[in-house]
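What follows is a structure written as structure tokens; I'll ask about it next.
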Amino acid sequence: MSEAATLLEVRDLRVEFRSGLETVHAVNGATFDVRAGETAAILGESGCGKSVTAAAIMRLLPQPPARITAGEIRFDGESVLTMSRPRWRQIAGRRIGMVFQDALSSLNPVFSVGWQIAEAFRVHGEASRAERRRRAIELLDRVGISGAATRVDHFPHQFSGGMRQRVMIAMAVALGPSLLIADEPTTALDVTIQAQIMDLLASLRAEYGMAMVLISHDLGVVSEVADRVAVMYAGRVVESGPTREVLRRPSHPYTLALLRSVPGGKSKAQKLHPIVGSPPDLARMPVGCAFHPRCEMAREICTRVAPPCTVVEGASGATRTVECHFAAEVASGRVA
Amino acid sequence: MMRYLGQRALHSAIALGALVMLVFFLVRLTGDPASLYLPIDASVEQRQAFSERHGFDRPVLAQFASFVGDVLRGDFGHSIRKDRPALEVVLEAFPTTLSLAVGTMVIAVVLGVVVGSLAAIRPGGMFDRMSTLTSLGAASAPDFWVAITGILLFAVALGWLPTSGTGGWQYWILPLAVLSLRPFGLLVQVVRGSMLSALGSAYVKTARAKGVGEATVVFVHALRNSGLAVVTVAGDQMVGIVNGAVIVETVFGWPGVGKLMIDAVIQRDFTLVQATILVTATAIFVLNVVIDLLYVLLDPRIRHR
Amino acid sequence: MSDPAATPVAAAAEAVQVRRRLPLWRLLVRDRFALVAAFWLALLVVCMAFGPELLGKAATALDLRARNTPPGSLEKGWLAVLGTDALGRSMLARLVVATRNTMAVALTAITLALLVGGLLGMIAGYVGGWSSHLIMRGADVLQSFPSLLLAVVVLYVLEPRVSNLVVVLAVTRLPVYVRVARAEVLEIRERLFVQAARALGGGRRHILRRHIAPVVAPTLLTILTVDFAVVMLAESSLSFLGIGIQPPEITWGLMVAQGRNHLAVAWWLSFLPGLAIMLAAMSANVLSSWLRTVGDPSQRWRLEAPRGER
Amino acid sequence: MAASPEQSPGDVVLRVEGLRKHFTTPGGFRRQPVVVRAVDDVSFDLARGETLGVVGESGCGKSTVARTLMRLDEPTAGRALLDGADVFAMGPRELRRARRRMQIVFQDPYASLNPRMTVEEIIAEPWDIHPEVLERRERPERVRALLESVGLRRDHAERYPHQFSGGQLQRIGVARAMALEPEVLICDEPVSALDVSVQAQVVNLLEEIQARLGIAYIFIAHDLAVVRHLSHRIAVMYLGRIVEIGPEAEISEAPRHPYTKALLSAEPRLDLDAESDAAPRQRILLGGEVPSPADPPSGCRFRTRCWKATELCAREAPPLTADPESRSRPPRLVACHFPESDAGS
Amino acid sequence: MLHHASVGQRSRLRARIAWPCALSALAIGLGLTASASAAERTVTVVLSEEPDVLEPCQSSRSNIGRVVKQNIVETLVEIDPKDGQITPRLATAWQQVDANTWRFTLREGVKFHDGAAFDAAAAVKSIDRTLHATPIECEIRTKFFGGLKITAKAVDATTLELVTDKPAPILPTMMGTMTITSPSSPMDKATNQPIGTGPYKLDEWKVGQEITLSRFDGYWGPKPQAERARYVWRTESTVRAAMIAAGEADIAANIAVQDATDPKMDFSYPNSETSRLRIDTTRPPLDDRRVRMALNYAIDRGALRGSIFSADVEPSTQLVVPSINGHNPELKVWPYDPDKAMKLLAEARAAGVPVDNEIMMIGRINIYPNATEAMEAMHAMLQAVGLNVKLKMLEVAEWVNILQKPYADDRGPVLLQAQHDNNNGDAVFTVYNKYHCEGANSTICDKKLDQTIEAAEKATGDERRKLWQEAFRIIGDDIIADVPLFHMVGYTRVGSRVNFQPSISTNSELHIEDITFK
């Protein structure tokens, strides 16, 4: 795999939500990179901090209650968190586009979709009114909405779920960003539509040469589209590396357990292997490794010491990072 | 949409009919107009003659029948007190109340929206706390008390404004201020609440992610979506303003419908009571239609329902 | 039953997640406005309970030589600390004694409105059909007409006694509860837990009682607190127009109305009861918005958050 | 797990015949009332102890089937014979009794439990409605036994729903449904709202219960993987109709209906065993979206998105007919003029 | 009080008012507003209510009379507010021809505003309109001429003859209420365009806002100073007073006692009203004279006066003011003697009178300023001597039902707050109605009194006065039919621009011609 320039760098990101007497540690030192042109997936179950991370990258966290307590986010070498508001507005929408999960609530119900797409051009000072409209129609056409010239004046509620997601995508790629953050873009959609949307995203990515951060809980989707994956658990990236490597030979017990709990294996008679218990209460994180209470291979050290980030050499030579005391054992399959 | 409006019209007509019927019989239970109209020493014969002249001696149902017939012909009867056609009297007073109400609404909505929006930007901030306190106070102050205190303070003690009456713009300040207090207070609360939820919504996130500036986010994206709540509350308050108008018109000597109606009830001027109620209720019906249309204007989702 | 302990499912039970919530009173303490409001309302309740018994005599004792004593001095005894009225009666005593009537009128009226309106609204929402139409049209009639005028007409028919006043005020507030209750029921009855109860074979009464009423009630209670202020103001407006509660009964509204005649010489006569109304109404409003915040999971954190970070 | 139970007509616990559910939207001022055919002529049998999976995209009518079977919505036409007695024709009293035999678990565990009731109250509610089932004094103990049987602790009875996680709540939902010991349990997307790791817990619980009590499930989901894992037979629905129904193995291995085939192929799959990057499996990308059930296409409803559609499909709706190659009894049924065959594709 | 605070007053005021900022801005505010309206010779009068109509026939109603009477329309004669004597206006002389006939000599050279000449024929037409034009509601007809048939005749151009169906000894006094309008006034309906002979003619009535009059150049009398008069109305006394203080109006016809805080602006005048508590003597325990005495002894009139009532009110002994023909000066004001009251009650109780029956005190809201406080105070005073009294304040319509016959049979003992206005010179307008057995508002039935009243009605001159005085003695001393309270005063606030002396008639008529500029 050729080493492209790093476009987005997230280093030791920590985000807290303060509520009552407790502080919810939503993100606890997440670290990952996204290189130009690649598709990176953040994989995790609900509450693992993946969407909060995305919101932090886009400076969309409501503060308060949220607070970024540590870490750094760099986009193209510039620090996102400390950059001035005007500077950030030049980047948001223009160089980074974002697609949200729920297109219905993410589109403003009282403005036509054309207006909303055109707004992207307007805020970035591009084109005349007529030109903006023309380009909005063009974009709608590009994302596969038939009759774009009339649909441009329609309102979000007049579109179906899949169409709305197409509108969202059109809006996100309007200014040809170099990075697209897609936060569970297909979760609310039916499988056949999901396939359409993923297909659309792939072709747009190729066309614009965009990098994409795909945030998803769906192992299937991630395994099919992502070049690299970062698996998050309890606010940390527990394992990251090339998708194929990570999913085929997981080095972290959580990744392994996740894979084993998904139905769809060949042997139907086999019982599923759920991960026991529930994800940890983010306000009361366990000491040591956050996964140890649910980990089948947890040992004494796991209850005391948080595992360091270790670099593991993969089969194809690509490296990946893992946070587990026994990463090597897990990867080799020595621990059942 | 048309069907909806048609339905609303039908409902309003039924409501109007029921209301008029209710009022017609209720006011006739409130006592004999003769005892109030005629001098205290008037004899029984004089009273009887008075009742006969005005038809109050007839059975109530017969009175109602001829009232309905008259109204359908456009005749709202003759006000005994004013010795003029009741409708004429009401229509004369109507513009005053209407202009008061509209003025009040404009002030309350503009101020309410601005203050409420600003408060929602930094919930819990200094401005938010101050505006919350102010709006609560505004919504909680007895209006007649504010009116009189206002006159004593601003007109008498400070001499900045005329005490009362109608005339140039100075005459509008105190009545409008008094009348808009409550709707203003409520609107601030409502706008703040709906702005808060709008600002927390996903579409605002989308706008921010597009790089839309904060001012546009607040005053275009969020505010437009709070419009429905504003219209609903403002519409409700419009009816309430007639309540306030009674007080304000009484204190400031404004010749409006509110005072007219109260006086008519106190004087048992039945025809005038009926006419004012019919006119007011019709106006409220029209107002409701306007609100419905505003809904449609503000929310495309309703347009396509 | 088979032995479940061996399954991973049983082990999962160990990790039961208990979401901690602060008890209500601690949330109250954390919101200074709400705390003051609650304290003030509690004080009023005390006045309401014991006021007339403690100060009833002082509230009616004339002293024509000490009339219109301004507040702020203890020279004429502690009862005159808030001044005296046009008959030389202690303002403090009168304010305290008037609490009972004022609060009783407002509370009874809104409780009545809540019970009747809530019930009608629930029927309209759950039963539907012509009864719903009838109820909603009735609410339309009431709502499309200025409540004050309706109250005036009705009070002229019924004569301004306390009981009639309560009924009138209750009737004018009725539509709010009917509408809200109906809207809530329409929404709640589509919720899954109601569907689940229906699937279990639960009848209308079971569902209304077990599932709908308990959910509708808090919403109505929130409105109730706002309405408390509205009704108190309405009562004082009626007194202003001379058709509210009549002397020798006293309410704050009546005191304001009577005091307005003396506004130019003795501002405190109407200022103090006016202030009492305003404070009580404000307290109710503050408490109501606090209740709304507490009840709204997306806003509750504002109260739970540590000071200075809201 | 356990193989499909032997099927004979006598073993049918629930027989659904010609179920239709049409919603009528209110007409407009200048607008005709619109009839939405959410479910249009659905028939199937459910054997004792069997799991029938129902899959389809949103709007295909699968949840409406569940709701009408429970009479949460009144069916427009059809019969649902529960041991021969037509549930749809029952009066309130009979229906109440029938509901002891047929229960439902909903998709959203947070919404399907009343937040103001304790777990004990929630699980005991069925007995409040059917007091004849269990003596009042026995209830606390039964509640706790049920909690244990779904993998929760006895002391959870005193807690409120907000104190539980989604998977635990869904188990409470199952416990409530089990309180009346039904013969048929309709599971309306019971795991869709749950995370994969937790989803597996609930799936295992459902399997365990079925193995223990022999309850028949109608398991509705849009997630093919879960349905395939759990079901003995699968019904695929499209726009209010069953397009294919038959044994799980037959359908997932060799779908006959083009829609079934597309659905299976669109499902993102973890193909961990494929060693090389080469040959990603062939995916059928359906064009367009599901048409509105208010105005379904003529003839075959799937024809607008079908790559095989001909003029015949527009003219004539294909009936559900037995697949001649089916090895099972009753045989797999397919509603297509041009079904796939083992030889084809 | 806020208005003209002298420097000396300020420190005192500051103690009472928590608006120091208001005070400091006071002088500036007044200076600005007062100069604004000084230019034109227009008098602005602020009334408490807007007239419903301007029909001269209704001008006996004070809200109409204040605008219309003697300003727009005049009467043949006037009653002197000082002594009740009759003085000429449109008639210069009058004489009784026989018991049933009076002749009035009319003033010459008088013109109506529309140019028509005022003569006997015009007077006849106007009187006919008032007395016989039934489509017109006419209070003068019902109030003053009810039960009397009058035929008016023009003997010649300046001689008007009035023939009555029964002797009318005080017909000239009654004619003091009869307004004369132009012959062009419609006979079949009421008019809001009164056309009279007065010094002012109606300019415009902007309903709800104001009424303006302008000086009538063809007026027969002396030319008044004010060129125009403007009437506005405000319900709140405080506001009316404030308007004068702020220079927005010149005369506030009546303001409440507590608003009359500035002796330089506020003038009290006896308003011919007399307040009382009417005792229903037919119901126990009020049917006992000792109880009725006790009621009178229990009321501390001295404390009420100058506190709730103005300091200018006069304690009364009877229902008419001293200027009325028939007022009895011999009667004494009841002293305040609670001990005596209690003793009397004890005696009555000992004699078996059910003294402890609940007595209803019924008041009327706003019957006079502080009416409610007054009732509350008296309620407390009566309770203090041990009477079981209950207070109830009623709105006017309900109160009227209690005031007027027919009375409810099941009524209990009632003390009714009432007030009576007689500014028409003779006791006849009072006594029959209030005290005769057949009187519409009477709660007593005494043979001897009825005979005296009937005799007085027919008598004239001294004899008439003596008989009325005897009647008042019977009412006040023998029967004790009332708790007499006060001869009331009104307050008129007059702005600094004009001179105006209010009188007893100011309540019902406000003569613009009497106003002069400083």
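For reference, chains read A, B, C, D and E in written order, and residue numbers begin at 1 within each chain.
Here is the rule we use: contacts are C-beta pairs under 8 Å (C-beta built on N, C-alpha and C of every residue); 3 or more make two chains touch, one makes a residue touch a chain.
Quantities reported herein were computed from a predicted structural model and do not represent experimental measurements.
Quick check on the contact graph: shortest path length from chain A to chain E, in steps?
2
Averaging each chain's C-alpha atoms to get its centre, pick out the one most distant from chain D.
E
Which integer distance in Å separates the CA centroid of chain D from that of chain E?
Using C-alpha averages as centres, the distance is 89 Å.
How many Å are there between the centre of chain A and the centre of chain B, using C-alpha atoms for each centre?
53
Centroid of chain B to centroid of chain E, CA atoms only: how many Å?
38
Using CA atom averages as chain centres, what separation in Å is found between chain A and chain D?
Taking the average C-alpha coordinate of chain A and of chain D, the gap between them is 31 Å.
Which chain B residues sit where two or more other chains touch them?
Residues 30-31, 148, 152, 200, 250, 266 of chain B each touch two or more of the other chains.
When you check chain A against every other chain, which residues touch at least two of them?
273-274, 276, 278
Which parts of chain C, given as residue numbers and ranges, touch two or more other chains?
Chain C, residues with two or more chain partners: 8-9, 12, 16-17, 21, 156, 260, 263-264, 267, 310.
So in the complex, the part of chain C that touches chain E is made up of which residues?
Answer in residue numbers: 60-62, 64-65, 67, 70, 86-87, 156, 159-160, 242-243, 246-248, 258, 260-267.
So in the complex, which bits of chain B are touching chain E?
Those residues of chain B that touch chain E are 30-32, 35-44, 46, 50, 53, 80-84, 89, 92-93, 96, 148, 151-153, 155-160, 162-166, 250-256, 266, 268.
Chain D touches which residues of chain C in the complex?
1-2, 4, 7-10, 12-13, 16-19, 21, 191-193, 195-203, 206, 210-211, 214-215
Quick one: in the complex, what on chain C touches chain B?
33, 137-138, 140-141, 143-149, 152-154, 156-157, 229, 233-234, 236-237, 240-241, 253, 256-257, 260, 263-264, 267, 270-271, 274, 277-279, 281-282, 285-286, 289, 292, 298-299, 302, 310
Which bits of chain E are touching chain B when the two form their complex?
It is residues 2-3, 19, 22-23, 25-26, 28-30, 32-33, 50, 52-53, 55, 60, 134, 137, 139, 142-143, 146-147, 190, 192, 207-209, 232-236, 238-239, 242-243, 245-246, 248, 395-398, 400-401, 403-405, 433, 440-441 of chain E that touch chain B.
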